Amino acid sequence: MSAENIIEVRIFEPNTSVLAELREFVISTGRLVGLAEETLRNIALAVDEAATNVIRHVASQHPCLIGCTCETNSNHSEVTYEISWDDTKPFNPSIPEKEVISQRIGTFTPGGLGIFLMHHLVDDIAFDYNNGKCVVKLIKRV
Amino acid sequence: MSAENIIEVRIFEPNTSVLAELREFVISTGRLVGLAEETLRNIALAVDEAATNVIRHVASQHPCLIGCTCETNSNHSEVTYEISWDDTKPFNPSIPEKEVISQRIGTFTPGGLGIFLMHHLVDDIAFDYNNGKCVVKLIKRV
Amino acid sequence: MATTPSQFTAVETASPRADLSVIALSGQLDAHTAPEFERFLEQEVRNENKHKLILDFSALEYISSAGLGVLMGFIEEVRSDGGDMKFACVPEKIYHVLDLLGFPVVFTIAPTVDEAAVAFTN
Amino acid sequence: MATTPSQFTAVETASPRADLSVIALSGQLDAHTAPEFERFLEQEVRNENKHKLILDFSALEYISSAGLGVLMGFIEEVRSDGGDMKFACVPEKIYHVLDLLGFPVVFTIAPTVDEAAVAFTN
């Protein structure tokens, strides 16, 4: 269950010029642990969405840095990417229903796509808050 | 014409938690050079709008800091607040017409209010770009 | 030097009529506090389905376009539900900003909460 | 270590019909490059009044919700002017993302630019 082997950690400035590097970080660490190419692409997009949200909704309000950690659990059955950032309050959004997203797309109402995508691109998603750090965990079973 | 006496300069982190301090900076320096209370409020709002734009539209794309300078010209007939930031390209927006703003408000379309307000809250506004620094000059005649 | 960031609160207060919600704004409504105000209105309008709102501006010290943008984001929604957002007790310095932008053409601005309530005819 | 930020370009290319504009997208369309794409579409749609657009995705390597948000922001506008935005040559990996979100229900997605052109009946 718990992710125990840290493969790599990297810290990013909270602006969109780092997104390309962040996706490359996911792809290179994911290759290291043997994820398939399609899985790599899905996780890179999910991590991009999580970081973009921090850049847009958190860093514009408070100074913060974004951490990204790649970990596997002891029997290597799960790979977890953790995106963490400094925040004054927990972040634990509800995942929009497919119907809500269809309706938003149908009425051309932006917003909500990122969290929906994150949820559907990985096997499991979890939100956590500890000592002023918010964490989104994106979990892929292998 | 040219603003020659620098009253005070301050550097701000590009996030909205600094906006209260930025407005206080304008009000305290403006009082020092003898601006009326209503004028102080107008310039503080114009400076807030300029900085909010940098936080929202620039800092989310590239790392940058925001400088704010209060200057007077040699015969003290003008007070200028300069908001400057690191950027890779000049920023020189067109000022929206009153009719455009009325139409946006009437159709509840956000956007464009900040630059319109800045323009109408001071006597003169100028945009400049030098060595990777964008500058908005907000000029008040006294 | 660490100045406190902008402070803002929005709370529901006593309403003169059961079908109306009165929301008292206080403090500074700028780009720092606008997301908080947006979440408050989302709760009122989308979750609690309130759409006849009177905004009491008497204790509001400051507003920038970021705060006004939040209001613009909800007006269409409340009106399409047969409601409205009316402004009451707007201090002179705030009115000046609303007026520059032409808000009085689109939003009813009443001197008191009771007069704003009367403006809700149905 | 300084990796290059995401690169993206949008350019008008040869169109099969005079009333249609074909826009070739290439590179990575994420939150870094989305503002650039938005300015490009503003120029096309608002300044040059083009509203029958075919977006050629063949050289697009990556898209995130920030890029999709830009497209959603213009579709209503071009349709209300009697136009549309149709997608052509969408690579499998990009289609996967569009499909997850339900874009194929709202946007025509054609295999080639010519087939997208045929889908513009009027």
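First chain written, first letter: the chains are A, B, C and D, and each begins at residue 1.
Going forward, contacts are C-beta pairs under 8 Å (C-beta built on N, C-alpha and C of every residue); 3 or more make two chains touch, one makes a residue touch a chain.
The model shown is predicted, which means the values in this text are computed figures rather than measured ones.
A.B. asks: If you average the CA atoms of subunit A and of subunit D, how far apart do the two points sit, in angstrom?
C.D. replies: Computed value for the inter-centroid distance: 26 Å.
A.B. asks: So the centre of each chain is just the mean of its C-alpha atoms; given that, what is the distance between subunit B and subunit D in Å?
C.D. replies: 35
A.B. asks: By residue number and range, which residues of subunit A touch two or more other chains?
C.D. replies: 16-17, 55-56, 60-61
A.B. asks: Could you tell me which residues belong to subunit D and also touch two or more other chains?
C.D. replies: Within subunit D, residues 31-32 contact more than one other chain.
A.B. asks: What's the contact topology between the chains, one of line, ring, star, complete, other?
C.D. replies: Per interface graph, the chains form some other shape.
A.B. asks: Let me know each pair of chains that touch one another.
C.D. replies: All touching pairs, sorted by chain label, are A-B, A-C, A-D, B-C, B-D.
A.B. asks: If we count contacts the way the header does, which residues on subunit B are in touch with subunit C in the complex?
C.D. replies: Spelled out, the residues of subunit B in touch with subunit C are 16-21, 23-24, 38, 41, 45, 48-49, 52, 55-56, 98, 101-102, 105-106, 108-111, 113-114, 116-117, 120-121.
A.B. asks: Taking the touch rule as given, give the residues of subunit C at its contact with subunit A in the complex, in rising order.
C.D. replies: Residues of subunit C touching subunit A: 31-32, 35.
A.B. asks: Touching residues of subunit A toward subunit B in the complex: what are they?
C.D. replies: It comes out as residues 13, 15-17, 55-56, 59-63.
A.B. asks: For subunit A, which residues are in contact with subunit C within the complex?
C.D. replies: 57, 60-61
A.B. asks: Of all residues in subunit D, which touch subunit A in the complex?
C.D. replies: The contact residues of subunit D facing subunit A are 1, 3-6, 28, 30-32, 62, 64-66, 68-69, 72-73, 75-76, 93, 97, 100-103, 105-106.
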